[in-house]
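Each structure below appears as structure tokens.
What follows is subunit A paired twice: with subunit B in the first complex and subunit C in the second.
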Partner chain A sequence: MKRLAPLLLVAAILLAWEAIARSGLWNPLIFPSLEKISRELVLFFTRPESLLEAWISLQRAFAGFALATLVGVTIGMLMGRSAWIAALLDPLFSGTYAVPKLALFPIFIFVFGIGSLSKVALVFLECLYPIVIVTSQGARGVSRVLLWSAANMGASRAAALRRVVVPAAAPFIFAGLRIALPIALIVVIITEMVSSADGLGYLVIYSLSSLRTDRMLAVVVVIAALGWLLDRALVALRDRLVYWEKLETYYL
Partner chain B sequence: MALAKAGLLALVLLAWQLASLLWGLPDYILSPLAILRHFFAALGSQELYTDIGASLGRALPGFVIGSALGVALGLAAGVSRIFDGAFSPVVFLTYPVPKIVLLPLFMLWFGIGDLSKVLIIALACFYPVFINAYYGARSTQKILVWAALNMGAGPGRIFRGIVLPGALPQIFAGLRVSLALSFIVMFAAEMINARSGLGHMIRIAENSLRFDLMYVSLASIAILGYAGDRLLALVREKTLAWQERPA
Partner chain C sequence: MRVFVSFFLVLFSITAAAQTPPTIRFGRGFAAEEQMWLMSVRKDLTPNQGKAYNLNQILFQANPERFQAYLAGELDGGTAPGLAVIFAHAQGVDMKIVASICLEAAGQGIFTTQYMVKDDGPIKSVKDLKGGTIAVVGIKTATDLWARAGLINAGLVPDKDTKVVPMGFPVIGDAVRTGKVSAGVFVEPFYSAEMAKGGLRKLFTATEVLGYDHELLDIFFSEKFLKANPGAVRAFLADYVAVTKYYLANMEQAKTDLHKAGFVRTPLPVYLKTSDWKRDPNGRVDVGSLEKLSKFMLEKLNWLEKPVNVREMVDLSYLPR
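Let's look at the complex of A and B:
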């Protein structure tokens, strides 16, 4: 029943949508029928061009996300385990945390060019914050008793880091990644909507300005499904790697 | 101590300024002092305030509507099984979906004016607040509820006296995320389609190669984002004065 409830609601929304679309009260441009949207959806998956756009968006999101993971986990670990690095970097991160990094995008365009690089750079920057902050929390919170017993049994600093700190911080690292992954997709779509000639965000804006709202909605459905699938994939990876700690709440 | 904390930032700014003096930077990277000069010059003109007003006029109503709904529904879902079944699955299912893609759809439905932007900001702000309020209410300690029941408190009393205070720290954590989000979505919506606001200003500046205006817009949004976050932290401190400070 618990698993069925969301499906029921989705079905109800779809039914309501179709009822509105067929009622004739609104212009079909504003409420395209499900039939039209699903036809465009099929077209999306059969056309190599549109699949290529999706691939381009995914590549940008992944490149920025992977880079942010690499750099963010490293910085977060260092901040969590070294007091002076934390004292050095903490004001920088907490001071600029609330500043919308998106505003840097026009400058990034001039610095990195209008292609993929400026978008990847912005994805990297936006994803870096949650990963660094949550990872450093996790690395700081490692139980001292565990570290002492590792040292007592003759573990070197490197061994203690690998065998104690990293596993203890792993749930936090994944919590940070889970916050960052949707952000990566959001930033890619926004930057493609603002200035691009390719990618899914561009496809949305292009379909809208050519008044193909059915096609636009099909792309919106694809983006939504991508966001959901990426999150599921990350959770599956987390459950395999951090098998000793169950994901209790959805959020953390 | 404060100086030492700001040390890295000061060092970066100094190196930046020196680099522009010694080697000269490309046109699109202004030196910190030049940004400061342009910013103060813009503070004397009317246009900046119009744009800031337009931006805040979108971000704040969106933040307030989305957060209020998020707190109300999140708490309701946290305490009542019926609301939990009705809302939580949908919210958790749609949580990782990037909400900004709905902006074109909202523009079709609600026009290209401010309404569609306010609504998309409200939608984006709803999620973090809902989820935090939900888990805040769910983490209420049973023993406190039992004690209150034992002393004859009604459901309303228990909600006001135990569930709400217990959930407040989490609710504030959600509000902090959603406030930052409201500025991001506002800026994105204005860059995509608007006739006023800071996001519009930076687009115009970009297209006409007015780098000074680009940095003025950037500085304004940075200051607004920072000030909003500090203000919320202040409200949090006042509201949660009874709570021990987190380490």
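Let's look at the complex of A and C:
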């Protein structure tokens, strides 16, 4: 029953959608039936060019996300363990966190060009913030008792960082990554909608421009499914690496 | 006594409602629609306004949003590019073109959309765009159509040989100059501003690539609204034609009024100098050009899945005779 609950919720949403679509209250071009969306979904998976567009978007999202993970975890760990670096960088990150970086996209186009690089750079910037902030909180919150114990047992600073700080901050690092991953996908889609000749965002705007809401919604379903699969993959990786603190244990 | 008072109150409200002219909820855009804007700015030019109809113009930044509002029943009509109405008609949307706003045309003193490249760059002809990028203002817009027409004419395959990417008008000039894109589309007032800066050269124009003058912007209404309010639409179009004639005869004054009312943000001296699109003084629609456009969209661009009956989507009977 516990496993079925989310499926029941999805089924209820789909039923509500179909009821609206069939009610005749709204134009079917705005609320196409599930049958029409499903047909477009099947077409999407049978067209190699559609799959290529999805692959292009994923590549951009992964590239920006991977770069943000590398840089963000490093900066977050440094901010968490060094008061001087925290004092230096914290005002920068907290002061600019609320800035909608998407507004900077035209500048990114001028600096990095109209191709993939400007999109990857914006994904990197948007993902960097949650990773840095959550990682630094995790690194800062490592129990002093654990660090003293490691020092008493003769661990060097590097060994203490590797054996104590990183494992203790790992749940936080993954929390930051889990926040950043869907952001990566969202930013890629939006930037492709704004200025691109390929990718899933381009397919969304192309379908919208042709008043093909059914086709656009099929792409939205694909994006949602990709987001869900990526999140599940990240949670699986987290549970494998942070095996002493699996996510389900929080509810026990 | 109470019964009598209630009776007279109901009678009064029914009479008042019957005398109130219908309000036209009209979706407008932000470029090339001077006559429409003037209808709101210079109501003294529209004798029927307030008597036979009320006009509520609502600004939209792009066609998809305007059409979504229209489909949601929030608009009775609006302005739209001819090709956008062709798309809508292909999807079975209840929409009729009733008048023309402007045409993309060649001629002395008439503006036609320009595609430009860097003056000292390597692109000398459209064929040189192979492997490059061309900036348009939106996917499946008229600017996209002309760009693709230019590439096809030069034997290039759009998207394969040359990428077509959307970009905002204000940034296209610098994007071309800095080599971020190989070519870009320019309309007024951006065209005049960029020409004043220098460093750009014409590659082709919209009318050159299609080879004929054609409808750019039109006025549409829903068939439902037309049937329910024929008198209001006729009165509205009579005012529209009168305003169009005034605009063509008194362009400087009309542009000054529009600028003063905040409909145009370009500096007034620049705005007054810019050349205008071709406008039919009687608002007549060039149906033949729309037919050619729809054929091109179907056969060359694969933008349509089936042929569209263009004559069916145009109704000029509401225009003054």
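Quick note on the criterion: the second predicted complex is superposed on the first by the 238 of 252 C-alpha atoms of A that agree within 3 Å, B and C clash if a C-alpha of one lies under 4 Å from a C-alpha of the other, contacts with A are read in each partner's own complex, and residues count from 1 in each chain.
The rule we apply is simple: contacts are C-beta pairs under 8 Å (C-beta built on N, C-alpha and C of every residue); 3 or more make two chains touch, one makes a residue touch a chain.
The shown structure was predicted, so the numbers you read here are calculated from the model rather than taken from an experiment.
Placing subunit B and subunit C on a common subunit A by superposition gives a clash between them. In the superposition on chain A, A:A19 makes contact with neither subunit B nor subunit C. By the touch criterion defined above, A:P182 reaches subunit B but does not reach subunit C.
Once the two complexes are overlaid on the shared chain, A:L43 sits clear of subunit B and of subunit C alike.
In the superposed model, A:A98 makes contact with subunit B only, not with subunit C.
In the superposition on chain A, A:L29 contacts both subunit B and subunit C.
When the two complexes are overlaid on their common chain A, residue A:S196 makes contact with subunit C while staying clear of subunit B.
More residues of subunit A are in touch with B than with the other of subunit B and subunit C.
Using the contact criterion defined above for the overlaid structures, shared-chain residue A:L237 touches neither subunit B nor subunit C, since it reaches no partner. Of the two partner chains placed around the shared chain by superposition, subunit C is the only one that A:R212 touches, whereas subunit B remains out of contact.
Contacts of A:I114 after superposition: subunit C is touched, whereas subunit B is not reached.
One listed stretch of subunit C collides with subunit B once both complexes sit on chain A; from 37-45, 163-171, 199-207 or 217-225, that stretch is 163-171. According to the touch criterion, the shared surface of subunit A, contacted by subunit B in one complex and subunit C in the other, consists of residues 29-30, 106, 109-110, 194, 205, 208.
Looking at the complex, you find that subunit C touches subunit A at residues 63-64, 67-68, 71-73, 87-88, 91-93, 133, 135, 138-141, 159, 163-168, 171, 174-175, 178, 180-181, 303. The touching residues of subunit B, when paired with subunit A in their complex, are 4-9, 26, 28-29, 85, 89-90, 92-105, 107-109, 131-132, 135, 176, 179-180, 183-184, 187-188, 191-192, 198-199, 202-203, 205-206, 214-215, 217-218, 221-222, 225-226, 228-229. Of all residues in subunit A, only 26-27, 29-30, 106, 109-110, 113-114, 194-197, 202, 205-206, 208-212 touch subunit C in the complex they form.
On subunit A, the positions that touch subunit B within their shared complex are 2, 5-6, 9-10, 29-30, 87-92, 95-100, 102-107, 109-111, 181-182, 185-186, 189-190, 193-194, 201, 204-205, 208, 213, 216-217, 219-220, 223-224, 227-228, 230-231, 249-251.
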